[in-house]
Amino acid sequence: MFTAGNRLKLTIFGSSHGPYIGGILDGLPAGVNIDMDYINKWLDRRRPGINSITTQRKESDRIEFISGLKEFYTDGSPLGFIFRNEDYINKHYDYIRDNPRPGHADITMYYKYGEYRNYEGGGFFSGRMTLPLVAAGSIAMHILKNINISIVSYIKSAGGFNIQNENISDEDYSYSFRTRMPDPDLDDKLYNKILEIIKDGDSLGGIIKTIAYNIPPGIGEPFFDSVEGTIAHLMFSIPGLKGIEFGAGFKLGSMSGSQANDTFYYDGDKIKTRTNNSGGILGGITNGMPLEFSVVMKPTSSIRKKQETVNLKTHQPSEIQVIGRHDPFITLRAVPVVQALTGFAILDLIMSDSSQKKWDIFNRGDGN
Amino acid sequence: MFTAGNRLKLTIFGSSHGPYIGGILDGLPAGVNIDMDYINKWLDRRRPGINSITTQRKESDRIEFISGLKEFYTDGSPLGFIFRNEDYINKHYDYIRDNPRPGHADITMYYKYGEYRNYEGGGFFSGRMTLPLVAAGSIAMHILKNINISIVSYIKSAGGFNIQNENISDEDYSYSFRTRMPDPDLDDKLYNKILEIIKDGDSLGGIIKTIAYNIPPGIGEPFFDSVEGTIAHLMFSIPGLKGIEFGAGFKLGSMSGSQANDTFYYDGDKIKTRTNNSGGILGGITNGMPLEFSVVMKPTSSIRKKQETVNLKTHQPSEIQVIGRHDPFITLRAVPVVQALTGFAILDLIMSDSSQKKWDIFNRGDGN
Amino acid sequence: MFTAGNRLKLTIFGSSHGPYIGGILDGLPAGVNIDMDYINKWLDRRRPGINSITTQRKESDRIEFISGLKEFYTDGSPLGFIFRNEDYINKHYDYIRDNPRPGHADITMYYKYGEYRNYEGGGFFSGRMTLPLVAAGSIAMHILKNINISIVSYIKSAGGFNIQNENISDEDYSYSFRTRMPDPDLDDKLYNKILEIIKDGDSLGGIIKTIAYNIPPGIGEPFFDSVEGTIAHLMFSIPGLKGIEFGAGFKLGSMSGSQANDTFYYDGDKIKTRTNNSGGILGGITNGMPLEFSVVMKPTSSIRKKQETVNLKTHQPSEIQVIGRHDPFITLRAVPVVQALTGFAILDLIMSDSSQKKWDIFNRGDGN
Amino acid sequence: MFTAGNRLKLTIFGSSHGPYIGGILDGLPAGVNIDMDYINKWLDRRRPGINSITTQRKESDRIEFISGLKEFYTDGSPLGFIFRNEDYINKHYDYIRDNPRPGHADITMYYKYGEYRNYEGGGFFSGRMTLPLVAAGSIAMHILKNINISIVSYIKSAGGFNIQNENISDEDYSYSFRTRMPDPDLDDKLYNKILEIIKDGDSLGGIIKTIAYNIPPGIGEPFFDSVEGTIAHLMFSIPGLKGIEFGAGFKLGSMSGSQANDTFYYDGDKIKTRTNNSGGILGGITNGMPLEFSVVMKPTSSIRKKQETVNLKTHQPSEIQVIGRHDPFITLRAVPVVQALTGFAILDLIMSDSSQKKWDIFNRGDGN
């Protein structure tokens, strides 16, 4: 089903080459202020054609609210919003119907939907489906500011370059770098690497790091609705995302307990840990330290290089070169998607807290 | 909430030092044969005290069905089952109530549940809560055999040792090795390493690899209920699991598209891919290749070494040495949990398939 | 939340005086033919301004699909559809903000949403919100025809008139009567009664009977997801609906078991019952006899007669006369809503059947 | 599925002639006091063998908690509880396997579960399955007392007798009458009528009225999760319940708007209505007046009188006389089930309130 969330529910609909893509966000109480500029800032950060190393597809990606708003305040009914698809060309896709592109969902939609598959532009498997994720997520991020939660995402590793300094606390900072790798020197190097890759007709993968600050301790549920399980479930909806690790992640596999355990101390009245190998989560529940995780994005599947494939009609070997306007480094545009979706996850976890505590998270001045 | 699954729902209950741990498995049709020997085989594989490198807590871990069965066939109502806790000692836990153990959920249950927290033996955050996961998962694995799906899990990396040969297709094979690392030489080395670690009063983490064979192509849903999202959501319910990657996983972050894309060819009538970097999943949906993923388990948090902590009553620095009977290498006992839970995930995905195809998965001879 | 259904999910959004009302229908497989004429026939039957005894608000109520369709076949992603609100006037509603109309949700939205309440035209409590119910329901009714299920609804009682002959099996029949009371004589009498009521500035309630034919036996689940519970849950979403009874309903309260029990006999190979006091449902599950139930609609709350109310600002007694264009007998327009919603309920029950049987309900020629 | 509720979830399991019947109640925060005496009082009120006009099956119906409790306080994990079936005799049921009892689910479980049906004593369609409903409901009723909500249920109509005075506000009052019809004269008359019915080998139906006081205004959601829809959905899980009406209910079908509308006035600071035809609910949401509804129970299906049936093996006409220990007037024992289940519904509605207001409902002294 196309719905996620527990007390805050997001349903998405539409497809790459249909008339619209949109979302329905249900669960917000009445009286929540919706800041259009803030939403648009995040939509712009995933918009195609941002700079010379992203796809040149032209989409304005303006959000249009179709329900749930009265003069920029929620009315307690579902927020509905749509985006008009503007710049799509269906004729590119005749060939790929029968010659599935390696790395894409062409082959699996053939298995699942048969002759009724919506294959143009990847149909509803397209990266454009992340538009409503960013919209809903940025609404959540804006609400989380009421209790001082902030979320940072940036590219930590790509093209053989790895960032060292991870002390970033400004949610906007990484967007001042063309590649979203927030280091002047590495940004230049990665930028040039991507230009090379474009020339080669190839693409690159990457790793995105996310840190969320000031989440109250005690958020998340034991077992199935843990912070990790909730975030992972949502993150894997992002096309091309193939792994997630929290805190020290896969390094924990070669560590000992005395290295891995984060020991406690009091910093004033607050309990902190000397290290944060757990990524701010113990037993699936936040411990008050920054929430940290990384996700890996596979390289964009669409490449101009010739690749082996099969012809689904003739059952013969075939070849394909994916032409059209594609991102050589889709990880760059996934950064705001991961960041916003983290906001959605955290707001839903707070709203769904089984301890039924109350924060002034909706800033309605009444403790609710 | 303590429930997972879509059309096949598992609810778990109980705690480490309460009278029982149990589960309710709802959604199976009537007439499914329940094989007690098969379930017990899997329960035995996660049982404490298997050998000298696991905890010496004594639990028979016999499953008792309390509902849903008529003479070893399901009756269409929820399967209820319980395990009696036998060998628990509450007095160990007086100290940890006020001096949280690093790496454990002691501190987060303090935040979430306050004075009503169930802290003895980790309460309902205990690894014993994986018992109903193994029970439900082994029931699912048994059903999946009706359409020839088999699932293999083993330890791929731990203590600095990494297994190379990954061509394992027998679900029982890894259990012929004391460490579940299915290589005679590495098994010895890891075994000795663990003996050392026990002497040091420390613990080890590890990485578990899982491969599922013969899943029909077309299983899994686009976006939120993808194969990856569904499996990840469930896996993070396993205490101590901190990361998951599908196919080539985090390596994809430094690969190019031409390296990462799995190209297609016909093997007879079947479409296969030359490589399997996607782990058998494209667009969140199975493509007919083996489903492959790895998870990382952090080192057991309970160690005898002295660690820094805080006293929650005095607000002063404190120290703790975790005594009692603990697994130095809990990853070993997590292997059957991961394996069985994969079975649960796959059966639920098949039962929930939105294309509403029918397989003879329940083997009732009527195509249902 | 604004979502109903189990495997077939409907989310509705919008409000009476916002730009749109719409719905998202998720769960249909790919390849289901969507018949626009059929949907429009049902939408027309609940449209305002049908005849002189309905409201004169002018709405074309044309459905616009915004997602999920490829050339009139579903693509397996959510069907999104919207209706543009055309003929709304906000100025009527200044007075009622502070002087709640008796019988309406004005007062309860004041309690629940406070100053952010969407009160114009009843906001999202408006009867216009039944538009997406009819749309989704008519899609379901069309699918149910593939296995010969048909559903009939008509007015059984209103204005002191009660229909006797209940042998109606044509889903269109009641719409050949102006009042939806399918008896030429009673139709005339009720019609004249309504004209009187209009003159008086008053309104009428009524009872709607529904019969569904050819539902396979075995549909519905024990306990919470019974046929009765599922249908009742959905029906009470219809504004103004205050009661539901199945089979002999409230008459069962004064019957004896020997009168009430429906005894069995074989009619050829088919087991039938001599009477149908159970309304075709035993233990929450269909028994192969026609499914029968009645619902009661309260009289339209909006009346021109002067009524006592309170002023929410001054906390003083107040009066109100509800002017504007209102249905004197809203039950008439509720008939297709009840009928279509029954279709939605039955299709969802069939799709969610725990016995996992398969019917050729989607008519895709492959037994699925 | 065997689960109901939104933020407060109840899963039931077991069957009449299996070893146990039980429930899992998930969603309560930690620190809620569980009052065993209070629960047992309600269990006793539905227990068989209460007096000479109920079945003589002997069941102690003692609740045993198997999880979620620490010294009578919830620990935040699911409350699990079981009841041991003590007095069941399987041999009675050989005949009914092939000769379905009119009015029972014997025939529908044959359709749904085929040869694997659990038919002894009605299996999981038995009225014994209401035991966990009473347990969970009485826990909810006890919690609701923290904000002064009280719930009353009694028999309003049965055997041709109808109660007039409805001013009952004491939740225990109706249990001082043998028939639960709270009028000394009618209680006698109905009691004698039931004795006659027993002699005849027949049974009676009845109507149960419920009133809930002091529910805060603003509870319940628009559309699908309305107060009416939520309560109706739960009530239809009670075996034999065939109709529900709120406020004036089916009488609204023959009323005019000026009669039906409940007009408003201020009683001090509180807005009240002159009448309560809406049953305390407008737009699906509570308006602060008492919540009122009635349900009808069909006569007990098991009667000693000879009835026509069919033989499922021979496909021939057959006859049946239901011997064994049956309630002639099951409505009597349904009273506490309806009452407790109302408590469950109201608590879930309050916990799920989309406006996210907070009441001190769990009485933990911190506004939560």
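Labels for the chains are A, B, C and D, by order of writing; each one numbers its residues from 1.
By our rule, contacts are C-beta pairs under 8 Å (C-beta built on N, C-alpha and C of every residue); 3 or more make two chains touch, one makes a residue touch a chain.
Source: prediction; values computed, not measured.
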item	value
Centroid-based (C-alpha) most distant chain relative to chain C	B
Separation of mean Cα positions, chain D and chain B [Å, integer]	39
Centroid distance [mean C-alpha coordinates] between chain C and chain B, Å	46
Multi-partner residues of chain D (each touching 2 or more other chains)	1-3, 12, 27, 30, 76-77, 112-113, 124, 222, 354-355
Pairwise touch network: line, ring, star, complete, or other	complete
Chain C - residues contacting chain D, complex	1-4, 12, 100, 102-105, 107-109, 111-113, 124-125, 129, 157-160, 197, 202-207, 217-218, 220-226, 228-230, 232-237, 239, 241-250, 252-266, 269, 271, 273-274, 277-279, 281-288, 296-303, 305, 307-310, 315-317, 354-355
Chain D residues touching chain B - in the complex, by the definition given at the top	1-3, 9, 11-15, 18-22, 24, 26-27, 30-31, 66-68, 70, 73-78, 80, 82, 112-118, 123-124
Residue ranges of chain D in contact with chain A within the complex	7, 27, 29-30, 76-77, 222, 351, 354-358, 362, 367-368
